[in-house]
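In the two assemblies presented below, chain A is common to both, partnered first by chain B and then by chain C.
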Partner chain A sequence: MTTTISLATRTSAPTLKRSPSPWMRIALRTLRNIPALIGFLLIVAFFFTALFANFLAPYSYDKQDLDNIEKPPSAQHWLGTDSLGRDMLSRLIYGARSSAFVVLLVTVVNLALGIPLGAAAGYFGGWLENLIMRTTEILFAFPGLLFTFLIAATIRPAVLDWARSNGFADLARSGYLDYAVVIIALGFVGWAGLARFVRGQVLTVKEREYVIGARSIGVPTWRVIGRHILPNALAPIIVALSMGMGFIALSEGYLSYLGIGLQPPNPSWGNIAAENFGRYWRTFPQFLWLVFIPGLILTLIVLAFAFFGDALNEALDPELVD
Partner chain B sequence: MGTLLEVKDLRTEFHTQDGVVHAVNGVTFAVDEGETLGLVGESGCGKSVSVLSVMRLIPQPPGKIAGGQVLFQGRDLLTVDDEEIRSVRGNKIAMVFQDPMTSLNPVLTIDTQIGESLELHLGMTKEQARKRSVELLKMVGIPEAEGRIEDYPHQFSGGMRQRVMIAMALSCTPQLLIADEPTTALDVTILAQIIDIVKRLKRELGMAIIWITHDLGVIAGLADRINVMYAGFIIETAPVKEIFGNPLHPYTLGLLGSIPRLDETRKEKLTPIEGLPPDLVTMPTGCPFYDRCRFRTEKCLHENPPLEVSAVRHSVACWNWQDVVKARGRA
Partner chain C sequence: MATFLARRLVWLPVVLFFVSILTFFLGLYGPGNPINIMVGLKANPETIERIKAEYGFDQPVYQQYFNYVFKAVQGDFGYGLVKYRDQPVGRIIAERLPVTIQLNIAALVVGVIVGIPLGLLAGLTRNSWFDYSVRFLSLIAVSIPLLFLLPFLTFIFSRRHDLVLNAANLQFAIGPFLPMVGGHWDGILSTKVLLPILIESLGIVAVLTRQMRAGIIETLGQDYVRTARAKGLRERMVLLRHAMRNALIPIATILTLSIGGLVEGSFLVENWFGIPGVGQLALDAFTAREYYIIMGITLIIAVAYVVANMAADLLYPILDPRIRSSK
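Right, the complex of A and B next:
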């Protein structure tokens, strides 16, 4: 008698529990890390505050309470008021909105340029790769932040002049064009790093057998890239994006601090710190928190992105087993 | 039976930093409808590169198809445009790869992957493709196919994944199935099951197969005809019985001498083929097997023998194949 069970005829195969998708498992693994969990919560809080700033802030960011100028924290103004009598807490909350807006839009610009250009360079190679990669190298030849400052400082007057002389004077006054300047300056430099990174990922993934397999069943090129290569290269790209978001927030802070980014009265953590520092450094340490708190919040957000990205990177390590 | 695929003087090279690697050097062969062709040879002899060239799947650069024709149903696949070659891939010619652990996309479920070629080539909707995928999985013997269709590749064992690969390859009932060492990464019991499945499906679907292997034992029960490759050349081609009963090339003889047999008591040890194949960058002008050959002569050093007919349906690329026959008679 034979004891062999043919796999083809066995009817009572053990039913496997539907296991979560690979993405779900990675998410769970990431958030088991305590600093990453804190980072993640901070990031969520950051975007939440940005989205609902108008409901969360007790006052408007430019509302002046002329009876309470330069007041320390009180029940009425939790973080006190600045030299114009504006509520500090409200300004910081609206500052989150500025920061998140810049972070998201610059990330979108980076994605829109970096992913297609990087993927095309990696997949097609040849002259196209040369063109794209040499362009990124030219951008890299300048020190990153200084280059951003240079662009922002150069295009800002040009953009504002153009708006004024073309009937958009209100727009120029409103400060919204400052956002455009910051986003252009950061996006212009930022995509290059992502493009190089994506190219590297595509280069390693495109030689995998399942990619040749996909091509062997006649999948069109754009679909091979979009469906078989990029999703498998996505994990490290997401890590790079998370780290990059922190850097964008910080860069926006620098630009606004130096006065070539967002301009008061529009609040940015950078320009809040700069305004108050300019006013109060002589009276140190009086009103120190007005300078200190925006810097602290910015630092926390940058760290949150870094810790989260770091844990994500670890969770994505294929060597790691649950 | 009509000729399905005709490969004429195919040459493929790779341009690397160390020079030009001549991977396939003027290979000519044909596959009839419904025929099973075995492509045999040691690692790096150009088996995989020749079939990848047939499907135009060689990575370019560094690879380059330097010359030749690949006539599939009369059309030269090397000259048709991208769209046309895509309509052949997966639809008329399909491929199964060596390592089932790396041949499935880890982030897509099984039904998405099988469904992909059904949607592309047969214009099926997602729902139709899903139904057909379940049928295909049943056909290759995956138990509880309905329940497993939405699983990810990592939830399958190696043998099961190779079945999924076969199901994918057969989804559009191709006329030609190319199997690139599909059993090498599997253990022996699974290997036997996979071969049985392929034999059964070949009978049911009547497709032609090119089966690449370095294991003559696997191919013996499966192939109608065998091409032996060495250093990018086909050095002998014959029906499977001829190859085993009347090998004419010293290399084929050497290959047969190095397989253990269970059906006869053997006094002497297995005889390996001494030496290594030639460097494909600096190819010798003479016979590529010269350095390792027992039968070599002065002529072999200077002139590479062409593949010439030696008997009915039997060709060999050796100046001294008559000596091989005589030596075999003495042994």
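Right, the complex of A and C next:
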């Protein structure tokens, strides 16, 4: 009797503990790093805030409370109000939405352009590689964000004109087209770095035995790239994307700060900072909560992406695996 | 190596051609018709025709492009359209360019003086608390946005926070660092520019520190360092003659690449401190729709960047004999 029970328990609870999948192990190894964990939580909070901004914000981003202008933080307005009596906290929460929207869409544009072009350049080589790589070199001839600045500063009137003359006058007035301008400006430049990176990854994976094997049994080219090459180059691409997202958030902040990105009253951390810098630098540091907080939040998000990406990179590096 | 250099030299005019063509078409035809910007939408047809002929907009587009480039080479970047109406853009930029160049060179010098020794020490004391703090701080300095750094450091260094300090019973004042330049350029030796230079150099310090740390760690593991030690060379000589010299080579590239950060730095820092440089002019041009100024600044910076990169490529084989001998 007792033996059957012990046998039964042994079979019902198999000692085969499933080892965590490679992705799970990488995730665990990344999040063991405390700054990376904090960064990850901040990133989650960032996207959560962006998604539920209309539920989280106590007021609308453009609601003016004319009895409370330039008020310091209080129970009614947790982060005070700006020069037009708008609730700072609400503006910043909606700013997170603007930022996340731009970050996600620019990342999508970068992926859609960078991965196919980079993979094609790396896999096929020849004149195609030459064409794609020389194009990226021309884009890289403009230092830093200069080309982005040039695009954002020049195409905005054309985009607005186009919208007005095609029956989208309301859209032009709403300021939503500024998002399109920012996304075009950042997306058009950002793919080049990703394409070069993907090309490098593809070049290293291309000569592996399993790729040659797949090709030798007649697997079609697109399938070789999609099934065998890209998944094996995926890990470093994810790191590049994570680092890139922080950079996109920062670039959007700079564009909006310089007045060629999102325009007020649409909230962006960059243009909130610009409004308050311009108004309060003479009385600095009198309205500290207005001047500091937009930049501080942008800093936290950029640092979050940086630390998370850094730890992810270390977790994915096979040389450092314990 | 020679073919590589030859290819680079041939490639240079091609890049410059595309850079100028992108700048020209985005700058002048990106926003729509340049005449509309000058005369407004309600101008009568005769005025439009007159302005068209006067500014050469009646010619074919490729002709306009070549005119622009040939004049730009001679320092004539067109005329202001709105706020700087009819003022030569070349002169406006030339007035402000020295300010920005001086600031950026100062920032580069500070970056080199601070960053290289810091990275060297961190690399030599690898995995010590010093190394960890340098790595942590440099990661922060690389990624912290100017939008926060500017008000934060101004707050730390400005005199106006005496009130806060007194309230907290702290006794110190940093008078000469009072940072606002406020439109008056007193030269690079003025104490007013200390804070702007410090802020602009932070990113370079961070990048150089990281590069130097990685470089020294890599070179110390090389065979030639082991050989140098094995033949009984003093550790100081091993470091100076063998490890450091090789670790310094990539710095040339890093410095040219850091021009990108300096450009963004100039745009934001000059605006915040009221420094009358190219960055402030660019911001002015963005808001006032001064497209010729935007084009001129973009073109000058991009050409300088391309040429600097080229120079770094040419410098490489001089610095590193291993590259010289490889093909």
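A few notes on this one:
One rule holds for everything that comes next: the second predicted complex is superposed on the first by the 304 of 322 C-alpha atoms of A that agree within 3 Å, B and C clash if a C-alpha of one lies under 4 Å from a C-alpha of the other, contacts with A are read in each partner's own complex, and residues count from 1 in each chain.
Note that contacts are C-beta pairs under 8 Å (C-beta built on N, C-alpha and C of every residue); 3 or more make two chains touch, one makes a residue touch a chain.
This structure is a prediction, so every number in the text was calculated from the model and none was measured.
When the shared chain is aligned, chain C comes close enough to touch A:Val291, but chain B does not. By the touch criterion defined above, A:His228 reaches chain B but does not reach chain C. For chain A, the partner touching the most residues, choosing from chain B and chain C, is C.
Of the two partner chains, chain C is the only one touched by A:Leu146; chain B is not.
Contacts of A:Glu209 after superposition on the shared chain: chain B is touched, whereas chain C is not. Once chain A of one complex is fitted onto chain A of the other, the partner contacts of A:Glu137 are limited to chain C, with no touch recorded for chain B. By the document's definition of touching, of the two partners only chain C reaches A:Tyr254; chain B does not. Residue overlap on chain A between the chain B contacts of one complex and the chain C contacts of the other is empty. Partner chain B is touched in their complex by these residues of chain A: 7-11, 13, 15-16, 18-19, 21-22, 125-126, 206-210, 212-221, 227-228, 231-232. For chain C in complex with chain A, the touching residues are 11, 14-15, 18-19, 22-23, 26-27, 30-32, 139-140, 142-152, 154-155, 158, 160-161, 164, 180, 259-264, 267-268, 272, 282-283, 285-287, 289, 291, 294, 298, 301-302, 305-306.
Residue ranges of chain B in contact with chain A, taken from their complex: 52, 55, 57, 59, 61, 82, 85-91, 94-95, 97-99, 102-108, 116-117, 120-121, 141, 143-144, 147-148, 150-152, 154-155, 159, 165, 168-169, 171, 193. Residue ranges of chain A in contact with chain C, taken from their complex: 134, 137-138, 141-147, 149-151, 153-158, 161, 246, 250, 253-254, 257-260, 269-270, 273, 277, 281, 284-285, 288, 291-292, 294-296, 298-299, 302-303, 305-307, 310.
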